[in-house]
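In the two complexes below, chain A is the common chain; its partner is chain B in one and chain C in the other.
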Partner chain A sequence: MRDFVLKRMVALVLPFVTMLGLYVIFHGHLSPGGSFSGGIITGLSIIAFNLVFGTERGEEKISERLMALIESFGALWYGAMGLVGILRGASFLMNKGAGVPVGQPGSLYSGGLILLITLGVGLKVASTMVTLFLELMEEED
Partner chain B sequence: MANKVAIVLLVCIGLVMLVAISELPLYGSPDTPAQNEVAERYVHGTLGDTGALNMVAAIVIDYRAYDTLIETTVLFTAVIAVFMVLKKGSTGKGEQG
Partner chain C sequence: MSLVVRDNLPVLIVVALLSSAYVMPLLTKIRRFRFAEFFAVFMIALALSGGIYLGQGILNHGSFTYAVGGWAAPWGIELSLDAVSGFFLITIGLVATPIMLYASYDLVAEVGSRSRAAWFLTLFLLLVAALCGLAITGDIFNIYVMVEVATIASCAIVSARNDSASVAATFKYLMLATIGSGFVLLGIGFLFVLTGNLNLNYIGQTLRLTWQNYPTALWVALSFFTVGFGVKSALFPLHVWLPDAHSTAISPSSAILSSLAIKGYIIALLKIFYVGVGAQIIWELPITAILTLLGMGAIVAGALFALAQDELKRRLAFSTVSQVGYIFLGIGLGNIHGLTGSFMHILSHALTKALLFLAAGAMIKRTGKTRISEMAGIGFKMPVTLGVFAIGSLSMIGIPLFSGFVSKWQLLLGALAKGNYLAVLVLVAGSLLAAAYLLPVLRTALFVRPTPTPAKDEAPSVQLVAMVFLAALVLVVGVFPHQVLQLAQKAAATLLRWGVL
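And then the complex of A and B:
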């Protein structure tokens, strides 16, 4: 796994894979895809980095502790977005009915809370994949 | 004795379920309660209700947001379970590590 060609190719390709994952997350309300698929693409790019360059260098880039934090706060973020509805006098997790501006359909900011919730869930799915992977990698040592 | 009572009870429950299944409408027939106006509302009202072009995202995160909320906690629970089984006490507090 420490091959020179493999390392250079992964270094070339991985930034685009991460960008694709973030694109799918951010355009979840506009195009096919969304939080779960985009989060898995993003997580897989980090897992590939850890596989090819080793977990020590992966830990330097994004520490396991940060991953665990994102993982833990993802669901809380979703709940906090749901509280927006309650604070504005409507029911839990209400979007347009609570008066959240939904924007022009088709533009990047549209759909109200959908974009924010998708962002949180996407990052959470990515960190879930990476956390599980790193945890299982450690066990092999 | 308890086994026989359990078997009799299971057969009774199974019979009730079979009777209920025989009352179900044919799969895919247009006059079932499942083929109601909800799907039509999703198809025609998504853009006006949520402002999102992707209907799947609108259903998953807006109409059925509770479902997705619990789904994320399922992921969280999975990670917690893996931590409980595999995590060594590397944070300095655990004694068994």
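And then the complex of A and C:
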């Protein structure tokens, strides 16, 4: 029963850390923070799980293969969002000008495509952090 | 639909290359990895034929700009498609496609495993995307981002094989390139503080009115750019990372790094100096004299270092140091012939050095011999490979009817127009030295016949196609230089015009 306190505490805190990370990502266009900081917080929650419970348990929860998939998906998602503007006859990454509804200022949905783009970047940053960490862990063996 | 593609072509080229770079890691687990390699070749060929189409459009219909996100120039990121971008896009297109084709033949065996091969393809596509981005961007911070992407990709591509020599070379390269990035970023910071703009045209307009208030600060900014981009493009005293990095990497990596990657930084430097600051201001400051001196030093020193090498790829790497000197000499001369010569040399060195590295790689792969003194009789074993190597060598020396002659002739005209007879002397000496370090390879391979004469054992046909394509381009540019020369002159005129406006 070594590290009992640590494991219990991490199990209690981790959901909230992940929530905070997602909150920062989703409110990137409204408050300080955004996809980079939010993505790093989200990634750190997964890294903390790997550190405390070991990389085998971590691999069971989210495999490295899935991480690589998410990483590529995040980048491709950004490109796809950029193409929305082109497909609507305007220029690359165009938002309001391309006729995307931008919503009520100040509310969660108020930036048009920006929320979706931020989501992609957040996923990419989070998975990159985890991949880097796992890569370094493997180097030690 | 085709109209939509045509209107957005500049940004679509970069996006297509970046997106396909991120698709590559997903393809490691598919049953037939050939498909991933084929996809990479296809995407590069597609994107870069788009680039060549754009370049021709610029030559025929003049330059245009593209506002990313619909935000107009001083606020948004502006892509500026002028003759400079068109020329470099054409260069990338003509050179990167055959290199990718060559690499696709035995990539997995060359780098060790499938996942490494997939990452190699990712890095290769990222590098080409960043170079295309450097060609078309008109925004100084966008330049910095693209420079960073290109730097990281080219550092990682050196260590594709993961042996100790290439990893050590990568580390050295990474450290020096990072210092270079720091200098570039400082220079960008200076320009931004001086002008309050990130768009190159607006920086130019502001500086023309106000630069006499702070000549020292501008001078500092230009020095930062010279050193920063000088490290990255291996200008002579700052070249120390290049020989290790370019000689230990696998041959396709060496080819793309030597032929295109270092040119991307030169294009960025040209854009900042001539579009951002303007020719007239550049001529007022001693920067052109310094670039001329550095260029001449690089031509002679690089060639002398190359003479001393016995390892073939190392000799070619030092030859790159020497040839980069020609480009900087042309920039330093700063007249229309000098700049045309620089642009032509960017193209002709890209074709020639890619060809030489690919041919050298094929010879080393077949025989396992890396030293020139051991290469006796390779001409009998691999006649076609050695033939294209000979074409590359002659072009590098600057023999008429090969592409190297066209660029060196323009540089000579530039030096004579400027009345700089030392530069004329150095240009001639550089050609003689190039003959001295390249012809012995041909002599050993062709005229030293070992007994018994080795049987014919040619490189694989896919790789031969890539090399013959490059060799044919060297000859075509050398024999019919008219169109390319016209575009290079247009690019040089574009740069010079900014000072006059």
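Just so it is clear, the second predicted complex is superposed on the first by the 139 of 141 C-alpha atoms of A that agree within 3 Å, B and C clash if a C-alpha of one lies under 4 Å from a C-alpha of the other, contacts with A are read in each partner's own complex, and residues count from 1 in each chain.
Note that contacts are C-beta pairs under 8 Å (C-beta built on N, C-alpha and C of every residue); 3 or more make two chains touch, one makes a residue touch a chain.
Quantities reported herein were computed from a predicted structural model and do not represent experimental measurements.
Colleague: Using the touch definition from the top, say if A:Gly79 reaches chain B (first), chain C (second), both or neither.
Modeller: Once the two structures are laid over each other on A, A:Gly79 reaches both partners.
Colleague: According to the stated criteria, A:Ile114 is in contact with first (chain B), second (chain C), both, or neither; which is it?
Modeller: first
Colleague: Return first, second, both or neither, reflecting whether A:Thr131 touches chain B, chain C, both chains, or no partner chain.
Modeller: A:Thr131: touches chain B, not chain C.
Colleague: Is A:Glu60 in contact with chain B, with chain C, with both, or with neither (first, second, both, neither)?
Modeller: Neither partner.
Colleague: When the two structures are overlaid on chain A, which partner does A:Leu93 contact: first (chain B), second (chain C), both, or neither?
Modeller: Both chain B and chain C are touched by A:Leu93.
Colleague: With the two structures laid over each other on chain A, which partner does A:Asp3 touch: chain B (first), chain C (second), both, or neither?
Modeller: neither
Colleague: Touch check for A:Glu71: first (chain B), second (chain C), both, or neither?
Modeller: It touches chain B and chain C both.
Colleague: Do chain B and chain C land on any of the same chain A residues, and which?
Modeller: 71-72, 75, 79, 82, 93, 95
Colleague: What residues of chain A sit close enough to touch chain B in their complex?
Modeller: So the residues of chain A in touch with chain B come to 28-35, 71-72, 74-75, 78-79, 82, 93, 95-96, 102-106, 110-114, 117-118, 121, 124-125, 128, 131-132, 135-136, 138-139.
Colleague: In their complex, what parts of chain C are in touch with chain A?
Modeller: Those in contact with chain A are residues 4, 8, 11-12, 15, 18-19, 22-23, 25-26, 29, 66-70.
Colleague: For the complex, give me every residue of chain B touching chain A.
Modeller: Listed in rising order, the residues are 47, 49-54, 56-58, 60-62, 65-66, 68-69, 72-73, 75-76, 78-79, 82-83, 86-88.
Colleague: Which residues of chain A touch chain C once you look at their complex with the stated criterion?
Modeller: 65, 68-69, 71-72, 75-76, 79, 82-83, 85-87, 89-95, 97-98
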